[in-house]
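Working notes, beginning with the structure itself.
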């Protein structure tokens, strides 16, 4: 039940904010803030103790679970559950949600109520995605979170918002529909084999699939998640969406929406299609590495600061995809840390860009320069997050990237080396941001104010979280460990109906660790 | 006492946190106290620790203290834990000691700067990171310090951020070293993959047990680590960033780009020496890199006009000596030279800083001159430093350390005559460019008026360092000097193995020493003759076309910047720029255009004429019937 | 005909009675509101008669009609949609002078035709039902005869519908000549006899010609060209009717005709259907891309939607029938809502179908814009709306029968489709200066339709279980 | 009574039907278009009669009757539309009815 | 008798050809009546005397007269004939002709290969038709009445004399 409440609180808060916000913009802000704080507290009180408790080795993977009948004639149930992975992501969602509310505080003047309504509903959809265990329900939430996001962009976005919003929606929807087709295909194949027509995740796990079918279905899922991630070469919606979205939109996009793609890869693609994912792993990893480098190079050449940061997301999320397809504990833990830290650091960078835009009404790097003198504290934070973004040890992103690389290395040494090249490229663009915006000569005269208390607290919390994850990520690792271990166990299908599927994959289950051997 | 190990890096880091959070609200005085004080206490702690360490020495060569578990994933258990042995202690002593002096000096040097507390914040952060680097018990933590000092180096080179050139230099330093760092990271991956640990001592043990001498793996690992080392230590081929790094304030150059950070490469190799010893090839490469670098930098040093750039090239060159020593297995000599170099190079930079300070920021050697009388103290300490750098025999510490290297290069079983010759040539070059700089600066007519005289807080570190540059050498006096004194070697041997000398060459020690002494003195004499005794000869020499060409070539650091610009920088920028609009996006746009074209095509049938529509109906009927009839 | 037959026919009888009553009322004295009310009462009575008929179902009433759950469901859909159109019509024609009452008469005729269609199991009933619908529609489309557009649309629809009816009849005649029966079930049974290749070809040719007629009504590519013109020219409530009732009825009939024949009609025929489905999905969505007229846009989109439905029709498995039924219900709701929004915004002289007239609607009439957005999102198949469940159902039906290429076409083309739905949504939410600043008050009856359809839309989108359960065992 | 193959009867119907199609496709005069439609419907009715004759059933003729009724109804509405159109446009050119397009 | 059928067929086709090519509407209508009469003959020969009678009465009689009325009402004179000639350029025939030819070829292929037993069918007179019509087909008759009603109402509404202010409030 607590999971429903966790999702319902932002939904209700959103409605309330929407209604009251028509009269009083302040009310909408405070209600949203209160709802998210309440949700965060509830999550901390309910989930954290459960998640940190040592798990009995015989217990199932789920810490909390809830199953209600929904459309039972089609085998669809309202099935929510959370394991350590979900808990971590829920907490991240709420934290970044708060940041998003905080950074919209003074940025949004028009239709404030409706804005917060949309914002809260996006967050609720994301929470749903992170906890849904019925594939139909998952897809439901998956699409649901896009619509308010779309409105956030078209109503409060910048100059080119319509183009960006439509592009964003089209890309994610088409890919989502491919996933829907794959979900349904899986449902029927599973139903035909077992006689049990169900969309339930745990039921569908281990469905034996012929090699070709499995690959097609896996690609359906992969398409949706790759677009959301975003993986090269379907990343093109991201720079536009980020650039045009309001700050809170960018924060939620970068910090959370992209993570749903990563989460999907982790939770669904590999566990549901272990064989296909294994076969596809070299390609996926190659794409991931291409994304790492491509995103980094493109980020460097951008003149729009938001666009620049957007491309860095492409690069960073490539690491996550790389890790997922390596599928060993080290890489997966790294992926999780990377997910969180990218959310925090890129979210914070977007917040900073938003603050600059609010003050300067431009995001053009060519017009900035020498801002340090005007806004040293903002500059300091920007420097901090830029360093985090380039993977400076001691900050969370480093732990993520390092674990990923060290985990992937045994499976794909060459790709790892190329991916490590992304670290160099990351330093190029990260420092470029600081140089262009805050260092150097002032190109125009700006009279802008430094951070106020609310802004400083927002950034400070994010920075502290990054520092904490950089120096002591062990609690997160501990929390996610049983979840990841469970996912890695559900690897080998129960049985193969056709002999050709075993013949084509020699000695697949032989590896006790279950790592996929890609390019060696 | 050993329990307090963690305090040593923690204090400067705490200083950094206070300074960073306090920011501009702190008074200069408070900032200075915090900045200098934290490092000072660290230095005192280090001293106390050294005493404790020495007391237990023969029995307990190393201590490990874990502070907390950083992370523990799938067999990779990384602690924030510190390892203390002779090597680390030496490094710590230099970092905190010299660091403290430089901090003290900075109070005066930076007194009028806007970013006073920011400066000390960065400096404290640097000291903390550097201490973590040298104290790290595992390679992960070492990497943390490693990158951390890189970041501080970046921050401090670009300290005066208004000038884009400084920003460029800072980014260049960071990116170039990061190339090396990445190689090092790959080495870490490989080590963990093959040996299952990143704890240094465990690694050394397992490497020795599992890998044979001369096999491929240790060579690969060693070369990757060397990649990291050359990046950080500005050795060939990644040396290009250091001369530009002089854009930072001079104390920074003294601390980071001379005394401590740039020697991290040396430290890394010394730390992982067992792996290097498993690979003779890698060792030779280290030696060759060192030799080549010291010559290259020496020649470049000859032609510089900027006083700090001369010193920068000399740093590159001196670290080349250290690498050369490492390459021939002269571990103790390398460490000794590191320490002495820290003293005299810090001294030289600080003294140069005092000169620059005095001349209101003037760095051009040709605009200096005649400062002997204006700044007598600086003159004296500079002379001490220059002598030490040039390894003027007997009286300078530099002589003892450098001579030790030259001799062991000659006598080591891994050494050779060619390397020795290079080292000797380097010594000659060193003495030439050093005294060229010295004479240009202090002799001749006064060209720029003196504005500031150094205060006590600048003078005191200069004096201390000058003394150290002269007398520290007596810690290690060669055998040939009547049996000698080997305090330092003995000390360091608890951590690093002794050099394997070829018995056949051992007897030539005194000859060798004579040769190096001759090189140093010869260089000095040559410069004196060309510049002071008969300046016309010197001028004539510099007017030679060949000399001018060479001079320009060396001035630009052998064209490496140009080459790398051509090979990497410009193609990267070019590729990024032409693809700014994202070609992939273009492809999708094309797809969308295609869709719109199809829309136009399909829309062409919507003429609004009922006859057209009826025709469509009929065509459809005909087509369908054709399909069922003939297919 | 026995009393059970009459009971089974009760909805049709009630409808006919209502037709007569309305005619009488008009003869006695013209009164717009009263006529509308009587029409609604008749429709309500017919709906109320459905359970009576359902109690006797399934039953064959003469050879012509088969009253079964399947037919009754569609009948309910037709009747409810007609009622909605009547309400919209009341709102639309309220401020007109002149004869408005015939609208309801014709509407009831058309509804009766559609009701006959959905329960017909015989070519004769099929044809008669279709023609009642068509002939009533000719007049309905051209109803505002003071508007040249409406007349034009009427003429186009008439010429093309009659032409397509010719093809349909010729096809029927060929089938009859080959098989000797006009009865759907008998036709399917006759297929058991091993036929020669030639007679197979004859049958297929007949079916193909029949398909021209059906394809015209469903506006499948390449028989789609009339759609946009007619939708645009017809008054908005009539457009809603054309888009919903006339298509629903024909889809119901097509499925009833093909379901038993599926096995014998052979691969070639299903290939053709597949091609038509794909062509409709692609063509419809492409055509709508740059439309500036919302009615035309919805017209093109309806072409695509019928393509989607055809995927489920093709699937022909046990999932196909409920999928088609659910999809048509969802589609009907969304189309009614969409055209309803246009209807309540239209004035006597112009239909409010220019895209730019929707600019910034959200800020003037947020409620109306929200309804329209919900409808468009449903058409686009976004969750929370009935359209999503419908699309899900259709893909399910396709997947069950491994129509992978059609599913992929469906997915990609609905992605394209999303673009133009979003264009409309974006326009409504655009903050640029709106063209038309005065909000037009929404008449109560229109508001009622919009509210109910929105509620239903979301209810079906979030809790489809009751309907799904109802549809589960309704194969004809 | 004739003993011709039934296919000949159907061929006649087909030929007439297609002539009607040609008429609809070619003529711009709405009246002629309606005539073409009548020809098509009549041809379809003929086909039904032929088919009914083949099976010796009255069903074919009944279909013909219904076609007849439909043709009558359709023509009446069609001609009403034509009158209204002519009243407005003063022309019978069907190509003028192309304001709706695109 | 067979000859009579083929003769009727030839007349019907020829007359229809003339219908579709005439420029004058009244001429075309007259030819169409000829064509319909020929078709009625064919009906008769195929054993459908009732259909033949209705063809003559309803089609040739009622429907065509409706056309004639309208043509008269519109008073299409020589002016319209000239326009008609202009519209009927030979080129206008090419496309539809080709299209129809393709369809014809297909249908000839289908029907030509189709062989039904060519027995002499028994005549189905008005009695059988009537029995069927008011037996199993009674609902169709009822529904046809609704169809005619729809046509009636539609035609009434559309052709009603127009007041200028129609549609205005």
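Labels A, B, C, D and E are assigned to the chains in the order they are written; within every chain, residues are numbered from 1.
Here is the rule we use: a residue touches a chain if its C-beta (ideal position, glycine included) is under 8 Å from a C-beta of that chain, and two chains touch if they have at least 3 such contacts.
Computed from a predicted structure; not experimentally measured.
Excluding chain D, the assembly's touch network remains one piece. Contact with chain B and chain E alike is made by C, D.
Of all chains shown, the one whose average CA position lies nearest the global CA mean is A. Each of B-C and C-E has its own count of C-beta contacts, and the greater count is at C-E.
Chain centres here are C-alpha means, and the one lying farthest from chain C is B. Separating the centre of chain B from that of chain D, both taken as means of CA atoms, is a distance of 95 Å.
A separation of 42 Å divides the Cα centre of chain A from that of chain C.
Taking each chain's centre as the average of its CA atoms, chain C and chain D sit 26 Å apart.
One inter-chain figure worth recording: chain A and chain E are separated by 69 Å, centre to centre, where each centre is the mean of the chain's CA atoms.
Along chain E, residues 95-96, 99-100, 103, 106-107, 110-111, 114-116, 137, 140, 144, 147, 150-151, 154-156, 158, 162 each make contact with two or more other chains.
Within chain D, residues 6, 10, 14, 20-21, 24-26, 28, 33-34, 45, 50, 52, 54, 57, 59-60, 62, 66, 70, 73-74, 77, 81-82, 84, 94, 97-102 each touch two or more of the remaining chains. Two chains count as a pair here when they touch; such pairs are A-B, A-C, B-C, B-D, B-E, C-D, C-E, D-E.
Per the touch definition, chain C reaches chain E in the complex via residues 1, 16, 19, 61-65, 95-99, 102, 105-106, 109-110, 112-113, 116, 124-125, 128-129, 131-132, 135-136, 138-140, 142-147, 154, 174, 177-178, 198-199, 201-202, 205, 348-349.
Interface residues of chain C facing chain A in the complex, by the touch rule stated above, are 377, 380-384, 388, 391-392, 395-396, 399-400, 404, 407-408, 410-412, 414-415, 418-419, 422-423, 425-426, 429-431, 463-465, 468-469, 472. Those residues of chain C that touch chain B in the complex are listed here as 155-156, 159-160, 163-164, 167, 201, 204-205, 207-209, 211-212, 215-216, 222-223, 225-226, 228-229, 268-269, 271-272, 275, 283, 286-287, 289-290, 416. Residues 1-12, 14-16, 18-23, 25-29, 31-32, 34-36, 38-39, 42, 45-46, 49-50, 52-54, 56-62, 64-66, 68-77, 79-84, 86-87, 92-93 of chain D are the ones touching chain E in the complex. Chain E meets chain C in the complex at residues 106-107, 110-111, 113-116, 136-140, 143-144, 146-147, 149-151, 153-158, 160, 162-163, 165-169.
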